[in-house]
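Per-chain numbering from 1; labels A, B, C and D assigned in written order.
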Amino acid sequence: MSKLKVGVLGATGMVGQRFVQLLENHPWFEVTALAASEKSAGKSYGEAVAGRWKVSSRVPDYARKIKISDCAPDIDCSIVFSALDAGIAGRIEQSFAAEGYAVSSNSRNHRMEPDVPLIVPEVNSSHLELIDSQKKGRGWKGFIVTNPNCSTIHMCLALKPLHDTFRIEKAMVTTMQALSGAGYPGVASMDIIDNVIPFISGEEEKIETETLKILGSLSGSSVENAGLAVSASCNRVAVSDGHMESVSVKLSMKADEQGIVDAFRGFNPLRQLGLPSSPSQPVIVSEEPDRPQPRLDRNLESGMCSVVGRVRKCGVLDFKFTVLGHNTIRGAAGAAIMNAELMKVKGYI
Amino acid sequence: MSKLKVGVLGATGMVGQRFVQLLENHPWFEVTALAASEKSAGKSYGEAVAGRWKVSSRVPDYARKIKISDCAPDIDCSIVFSALDAGIAGRIEQSFAAEGYAVSSNSRNHRMEPDVPLIVPEVNSSHLELIDSQKKGRGWKGFIVTNPNCSTIHMCLALKPLHDTFRIEKAMVTTMQALSGAGYPGVASMDIIDNVIPFISGEEEKIETETLKILGSLSGSSVENAGLAVSASCNRVAVSDGHMESVSVKLSMKADEQGIVDAFRGFNPLRQLGLPSSPSQPVIVSEEPDRPQPRLDRNLESGMCSVVGRVRKCGVLDFKFTVLGHNTIRGAAGAAIMNAELMKVKGYI
Amino acid sequence: MSKLKVGVLGATGMVGQRFVQLLENHPWFEVTALAASEKSAGKSYGEAVAGRWKVSSRVPDYARKIKISDCAPDIDCSIVFSALDAGIAGRIEQSFAAEGYAVSSNSRNHRMEPDVPLIVPEVNSSHLELIDSQKKGRGWKGFIVTNPNCSTIHMCLALKPLHDTFRIEKAMVTTMQALSGAGYPGVASMDIIDNVIPFISGEEEKIETETLKILGSLSGSSVENAGLAVSASCNRVAVSDGHMESVSVKLSMKADEQGIVDAFRGFNPLRQLGLPSSPSQPVIVSEEPDRPQPRLDRNLESGMCSVVGRVRKCGVLDFKFTVLGHNTIRGAAGAAIMNAELMKVKGYI
Amino acid sequence: MSKLKVGVLGATGMVGQRFVQLLENHPWFEVTALAASEKSAGKSYGEAVAGRWKVSSRVPDYARKIKISDCAPDIDCSIVFSALDAGIAGRIEQSFAAEGYAVSSNSRNHRMEPDVPLIVPEVNSSHLELIDSQKKGRGWKGFIVTNPNCSTIHMCLALKPLHDTFRIEKAMVTTMQALSGAGYPGVASMDIIDNVIPFISGEEEKIETETLKILGSLSGSSVENAGLAVSASCNRVAVSDGHMESVSVKLSMKADEQGIVDAFRGFNPLRQLGLPSSPSQPVIVSEEPDRPQPRLDRNLESGMCSVVGRVRKCGVLDFKFTVLGHNTIRGAAGAAIMNAELMKVKGYI
């Protein structure tokens, strides 16, 4: 099988770098184009990221020599991964989709549009069916598929098995989010040393709205939101990678702690699909009383799983637990890549 | 007026050092005894804390020369502040109370005993009346008064004005707690660098039980717990001083954001008492969208107030907000000192 | 005595904020003007720094209401403190000096010009005499006086007593510098978490050249550089405030460790002058084996002294020791204020 | 070829965990014994390190079930790796050597004994010849080989190519060392947050003495120290793994920056030996002006190389540069494993 040609839009930023790293030696995809803003265009990728490569492994050899393209829909590939800033992602992603590219986007711009799938493969793969109406409705040769916000992905991976088994009525989450989630240069060091910042612009709204769409049901050519209430409080902490979330849930059905742990552990709906980036276990339950922890657990399953711990009763809602997930792997670049793998298996690309 | 003689038990530890610092030049109290474990006894305080003084100001001159005593009830003072470890605090504090000392304790041992006041001066000063029944019931010449756990104090300072005005039914809190709260050596640096620890032994239980007693009503010779549900999730973060808390509340009465802010700002029940350690404003409301923050706000009002910010609607309960407070000042040593000031004004010492 | 009117240029940045903080209640100076770039001009200072105030105390009340001026020489004061970026400081400071203002600058632009004093008051106060030739040579009604780079100041405070007593031939320094030295937003958090950056642009050159001028001798209308060799290696570490320096020196004259400690402790040439910002002891020698440390010692003498420790033999040069100093107080804003105090006492303003 | 049986002494500590991790799937060695102190003996390794495993990967499956032995010379293997504390390492390692085991030790106890090889394979592999006289002189069936202190190893890897080419006369180093070097619990978090500690007990002495032996020449049955002067200043910084060193050297022979870079790059004396843990390049030269950095570069060559950067002239000695190396991999466990690989290739085991 020859590999599918893929490109990365916004390839020089923090998430773009993760795409470049994770796509090295991908069994299905071959990177043939790296696109970025005008100030990088024309340089080799190696030159463009010199002094700005923030992933703790070297720039992959395959990428060093690639000449950076403009973000215009004339690059040599059929799939593009978008790590573009929200300020420009909307227009550019549309131009690519119109020209026939499959766009797998990590940007927030189109996530909440009714005809755009917002996908977490283990949670709502059926929502990919929106692609057809999207193409028809917009008259595009290609299409856009999105993945959720980094905090939302990991929360939804944890909520889905509980929602399936016990029906969640309410979910409250307080996040402690890593610095890499803010991009580069992102958070100033003087703002986070010996400190916590109790605010991340737009983040709480994303968690509260995206979750309802992801857990919702496909109904004709749109998604009917799930009927649960979600409340989020977001904080930035001095951690490089790995978002932590304290979650409490109210359930419709009777449950106990063991039942909740069993639901997490039994959750593996894509086991048979063989997606290359799929974790062998999407939700890992940690038994130790003080886990998960970002530094120790964020790289489990190559950063593609969510890690849950401290499952216990909640005195206000019903149960509470802690969720950890890698925010730039499963929470961003890895999510978009896994979405593309799912599209391929499902015949959309 | 000559000053009252006071002593500090457990004077060499992290909280003990704060007592020593905060009591320098106190207008009502004069430190005449510093007591610690046997391995320090006999040394001068300066020698005993050499290489172990972790407060970012110098060892006060008044304390350097004081010879460290054993923790036995024969020291020259009438009030003792206890910063003893829970493993030994119970027995020692009792021996002091039996011998006629007023014990103002930061240790957890006696907090939940029915005849022991658990005091936050602005919240439940009337609970000091338990002193009489305690002395009578136990046959002691002195007595024990306690202050709550560091996280609980700041949460209660924030909850009290809302409880008075709108009656709180449920309160959920996720904490992000500072390292100094674990004492010294406390948390290992390898456990917290680039990390969050989602567990603090015993902390959630303390918050969930102490809060009910503090907000409860005096009923004869005991306290009737307040009738609200409290759920806490506690995390340790890489911050030196200053506990952050994401709080959500459900209220019995109708409220709006402005009403909540007004309740915080109007709360100042001790304004007239003139306690030396009293903040001019117990609950400060921060207007900026990304505040409070530990590094920037923990020293407001000399670390004796709680700082609230981000008051907004909650999609699961009714309202949510962030609380910050200095954990070793208002959350520990400063709390016990202010309790003693209250006892003096109320005539108990 | 009525106070002298002073202004701050670049008042909204990291060093500008320190000027505003340190000038509150200054006994000799009264802030009558705060100037900043065009995007702040016209706002009140309180508005301009909202969300950008990074000093861990509140914006002083006196400053909140001051309307921000342009950085043009028509503001109501006789002395200006400059915290301007090097990109614009040169031209603006000259325009103020030409119009008759006394400019006390923390910017690097004019430091190495032959007719501009580069002053550390305890080290080379006589270099202020360059003011006369500067005014005459440039035809200015006012003048410019500069203070050194933050690392240089503390190194020179430590070197001067040794140079006076033992004549230094060579000095080698490796710095570990705080984040606040890079301004705001300055160092990206992703660049410093769990990390050290072994490079600070231009810093090594500043230390190597400024030191020679500061320790040099006034010779007619210029300064003859001191005849020692200096080599610097500069690193950025995850510390908010307080630069650490490992220093080794080769001396012309015979010395021993006690002699070196005595030289540090005996150094207090301005004891009689009564400058308000003068530390009671410019160089404090720490006895404990693991001090000085930034978090514990940077605020000694209100951040206006240097703290030395670990004086011992060096197997390559003669002696080595560690120096710590607060980089935005004595290393920047406090330095410029103390220079202005010296100018006043010496009759230049 | 069947694998050689190896054991780890002190297997539960920070360095012991690295041994267990690095020996997973080793092509030549098979772990058949894990030994630790009495309080762990009898437990499975998985139980013993539960809650204490601080390496950011899971406990290897092979190790989980191994029952922990006492540190007594009756365990089933022919080679033991020692990660014992210095307080007990001396006696225990001797007992193993006496009984016929090959001991590859990371402990400091025997490093400086005349008949004990102190080995960095690329630097002084010939010193292994001391084994013969050691066995004869002590009447042991086995023997002890040691690796240097973590900072010394990386400095020697950088110094050796320069010493070979240009003859080093003097070397001065200031280190910024990682937390993992202090073991677990090691450095208290309150001691290092927002801080630098300018002291590591015994470290400067180790660097200053071990370097001379490593760079020395074998002369009959002992090593003649190299004739250079070394001075070290050691600091602890808030970094998890990866020691940084600012090094300056004085050379006997004329050199320029390119010649120094060429010496580093041309240094690969073991290229032909095929040791499994050998880095493909022992000293990597970083071209970027702000590298090496611990977070980004410590895992190059799987943590087995040294990374050098910022080669430039020194105004006091001749040249200066920065060295980075992983302190628990090439600086400890990986060093001892590579030493054992060398012993095998050289026929000592």
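Keep in mind that, in the parts below, contacts are C-beta pairs under 8 Å (C-beta built on N, C-alpha and C of every residue); 3 or more make two chains touch, one makes a residue touch a chain.
This one's a predicted model, so the numbers in the text were calculated from it and none came from an experiment.
Counting C-beta pairs in contact across B-C and across B-D shows that the higher total falls to B-D.
The interface of C-D is repeated, with over half of its contact pairs matching by residue number, by A-B among A-D, A-C or A-B. Chain centres here are Cα means. That of chain B falls 47 Å from that of chain D.
Look at where the CA atoms of chain B average out and do the same for chain C: the two points lie 40 Å apart.
In chain D, the positions touching at least two other chains are 54, 193-194, 238-240, 289-290, 295-296.
Remark: chain C residues 50-51, 53-54, 56-58, 193-194, 240, 288-290, 295-296, 298-300 touch chain B in the complex. Note for the complex: chain C touches chain D at residues 170-172, 174, 176, 193-199, 208, 229-231, 233, 235, 237-240, 244, 246, 248, 250, 289-296, 309-310, 314-317, 320, 322. For chain A in complex with chain C, the touching residues are 14, 54, 179-180, 184-194, 238-240.
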